[in-house]
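Chain IDs A, B, C and D follow the sequence of writing; residue 1 opens each chain.
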């Protein structure tokens, strides 16, 4: 069994959802970013989405846009992020590691080369935000050849019929998310969400995780009742966006991860 | 150079011009874009839509815009004669209204209540606001706060035309963030809103749709020039920002033995950040939902761009241009700020036509290219817009040079 | 009302429209004006001149300008429907170029090397500079120093078009002195120079000549409207400064059962100095070489005039208008600043057409007059120019009102 | 013999040209204007042209434009000027008095009424700057009916053939002048002037006077050799246009009149 399958079935056995943290890689800078990810794993994250900063992040909201801009200015590069992924893997053989990127970064690095390097360094999968079903062939063969999962996205705007086509051959997991304009913290989790996720889950051969502006244990707990995993991103990145010192920022980030991790059990 | 392409068949059903274009967007945008593509395919073929668009072009926009022979300019040049396709006389002063009227008419036929777009310098915003006013649709224009401060006259114009101008206050507070902000707003209600792009860029179907609405420029120019002279021109030239005015005139001559020149802004020079010559200095990349030649750094980050003509400073370029370049059907050349400003002044003084600084790039290239042609040959320049808006730019530019 | 006039026969050989017009000039001007009148009579009838003017109108100016139906505006009104004759789409943005191209073409046929004129707000200067650039004639524009300071954009435009702008530094340093200065310069060399007036004013033959060159507006509008609807409009309306755009459209309908409305600026109100409504509040007088209704005080001094539309603030008015008023063929009404500004905003918002503030007066009158007509009736407004130039005026106007 | 005929023949008998001074009536104000005219007559002026100030003086140069503007501001009116003419006539039965005006002032006052009033007050003639030959009928009948001369103008730009038509029925005198743009001081008197004036004089039943920016005795003397009269205007008006006190201004104005008067003899 591959690492992601292992991870989800282990969570399932403990009757809880997996916790997936999105981190803008290289934010606030490369060293502190790596330290933060260590903290997140220590605080209970099962999987890390390493967000590759891009200066035209058309799928992201203000928080992650700003983090990406800062990371780039602080010297974040795709090779640097890959190297960081390698070091994390060596320290944490079981943590899921997903590269979360815009296609241009991947395209520019070289699709084949990226898959080869990331797989060699111990990555599990790639999530390309601006690669819809129709364009998937640009990346899927290289992923398959290197044993990486290509994580598909399904949005609330996706019709069920289309969602079925999207998830049909999925390995790894399916990411159910309203990315565009909604990476960002939301006050409430939409009501219809549950129903839609159940439908997608039914159609999917792989687990389905949900990211929808989750920022509290209460929200996470609600989502954990019907999803295989819960993703938090903006709320986490935002911990590092204020004027406090890094130790304070890291502490509250770890607190957030801890709070989420504690609330992922499936109610009996 | 590959086999002669069948230009009728581009783009393919997935929106690809060769390997360029496509729909590189987040999943949530796929549905709305598909709806637009389907609606466009259906509606743009229906007789009522065609008749209404033709009526609007004639009675509202003042089309056909004329083709003017530049006698005094041509007499100065040692070579081809220069003609202009006069999009400066199109209502609202530039070619942009051609596709904005088409887009908003499409919105009307789709039953939308509102159109939405971002704008940088404000040209697209004004054109879209004009079209929306004509049809009585709501119009929302997202604009970075920095741009709002710089482009006060265009902001006033948009508001006068009834558009809601939404200031974008995050990030660099310029075009980039305005795109994000407009898309976000669009996605909140794609059922009653149509996103209206400003050039032959973005994900499919925009490059197709904008090109088709601009094609009238080339079709008219060809017919008018034939009527005036009995011949086809040896060359056609147009400036390229996103590439809408160039595609518009190119399509009219695409199957003719007419050379096609696209002119990119070299700004202050070939140094990174000093220009916006995507075709010339770019490499294939993906931006704003489509693949094209892109000015990007060694990490794949879009580079900062510059041109004295704010309508040309875009790091990408329409996918159809990329295909035409690869196939050798069109060739892309650069003109710098100084040359464009000189052409701006020369055309004003010799012909009484003040061109947009964008269009001045094409004029400069034509003057240069003329030397390679015989005196009986003709180059038609797409004069994409008028230059009233640039009087201040020119003054500042000259002050900057101590002139 | 007297017997129906024979409009074909006005003016008489001495330049009189009834008792108005004529040549009230110092003796030294008589010879040069006679030369212009004779040359105009001869040249304007020759086939080459006519052909060249037609070519220019089509290929340079972009004529015919369209006639647009204002659906949304008309739907708001309880009465006649409104159509616009779109002189805003004429090259350089107003009807003024119609007579400037004619005047400079005449100068060319007369073998002149230079054209000369005064300008107030700069509109006439820009139009004349445009025409002179097209023909490659020298152009000298006299302008008061006060006006130069106020109208920097138009001054820059004239210079860009190659005109020499001569600052006039005596007296009030405004239009009045610019007229003197330009005439003085003209008289230094009337053999190689043609004086080119900016409206249907001044001594004979200018009111005739400018009217004839503007007549194309009315002829086109009549033909286009007939083609569009099969009918004649019930009324035609136009703003009146000197009266060129109004005479242009009136002449097209002069022998039709179409009502003709001239619209004068009431500015801030009927108090002396607050308006420029010469037909309404003026009495016969002589100014700038011709007899007309003139705003003058009890001593015969021309009064100060005001309008938010700088192209309308003239204390006299073209002599043909005075005749048409006396005969009851046209009627003259007033519209104040507030009404004009409201029409400016309404047309922009409802139709996507930003009118010149001058033209906005005509729009306002049409909206008002519409109520007196049936829903199947039509009023055509001569939209004499575009309003880009007025964006700043409007802002200041609204700031002045604390809006 | 009427007053003007008397005046010119008396000059001719003394073998000199007549001196005609143009004054902007009401400049610097009504009272001082009248005082200045007294001074001019005392200093040797044979005839006064009372310039009626008009705010759109298209025939005048900057000096007279400015004077007209100032006079209007100081309250000069046509009725006031007529009254002044009446007072001057009472004091000086022999001095020629010409009303020099733009047509609009006359037209507005009423053509008939003006001729009646001016004749009654002792005026000799009217000169309407913007009333060319073709328009003469607007004024001539009223002048004739009241015994006033209508003074015609001939300019250097006037063809000889036209000049003949203009001067044909002249009574009073003919004014040969380049008014437009050239009321104003000129450095030299044009060379061809003499020849043209001789031709006009030959054609004219009345004397011909010349005004051409004359500002010095030398110029006046040259013109006096071939003209029946010499007109000075701008040079005179200019005396009142500087910042000095009125007594100083008046003194230099009188000096100018005196200098001109002394130089009008016809050389033997």
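A few comments on the model shown:
Here, contacts are C-beta pairs under 8 Å (C-beta built on N, C-alpha and C of every residue); 3 or more make two chains touch, one makes a residue touch a chain.
The shown structure was predicted, so the numbers you read here are calculated from the model rather than taken from an experiment.
Under the contact definition, chain C and chain D share no contacting chain. Removing chain C from consideration leaves the other chains connected by touching in the groups A, B | D.
Our note on geometry: chain A versus chain D, Cα centroid distance of 99 Å, whole angstroms.
Distance from the chain A centre to the chain C centre is 68 Å, each centre being the mean of its Cα atoms.
Mean C-alpha positions place chain B and chain C at a centre distance of 35 Å. Contact topology of the protein chains: linear, an open path with no closing contact.
Note for the complex: chain B touches chain A at residues 14, 22-32, 170-171, 176-177, 179-180, 183-185, 187-188, 190, 284-289, 294, 296, 299-302.
For chain B in complex with chain C, the touching residues are 58-62, 65-69, 72, 86, 89, 91-93, 129-134, 136, 153, 156-157, 160-162, 228, 345, 348-354, 388, 391, 394-395.
Residue ranges of chain A in contact with chain B, taken from their complex: 54-62, 65-66, 69, 72, 77-78, 102-105, 107-109, 129-135, 153-159, 162, 166, 178-181.
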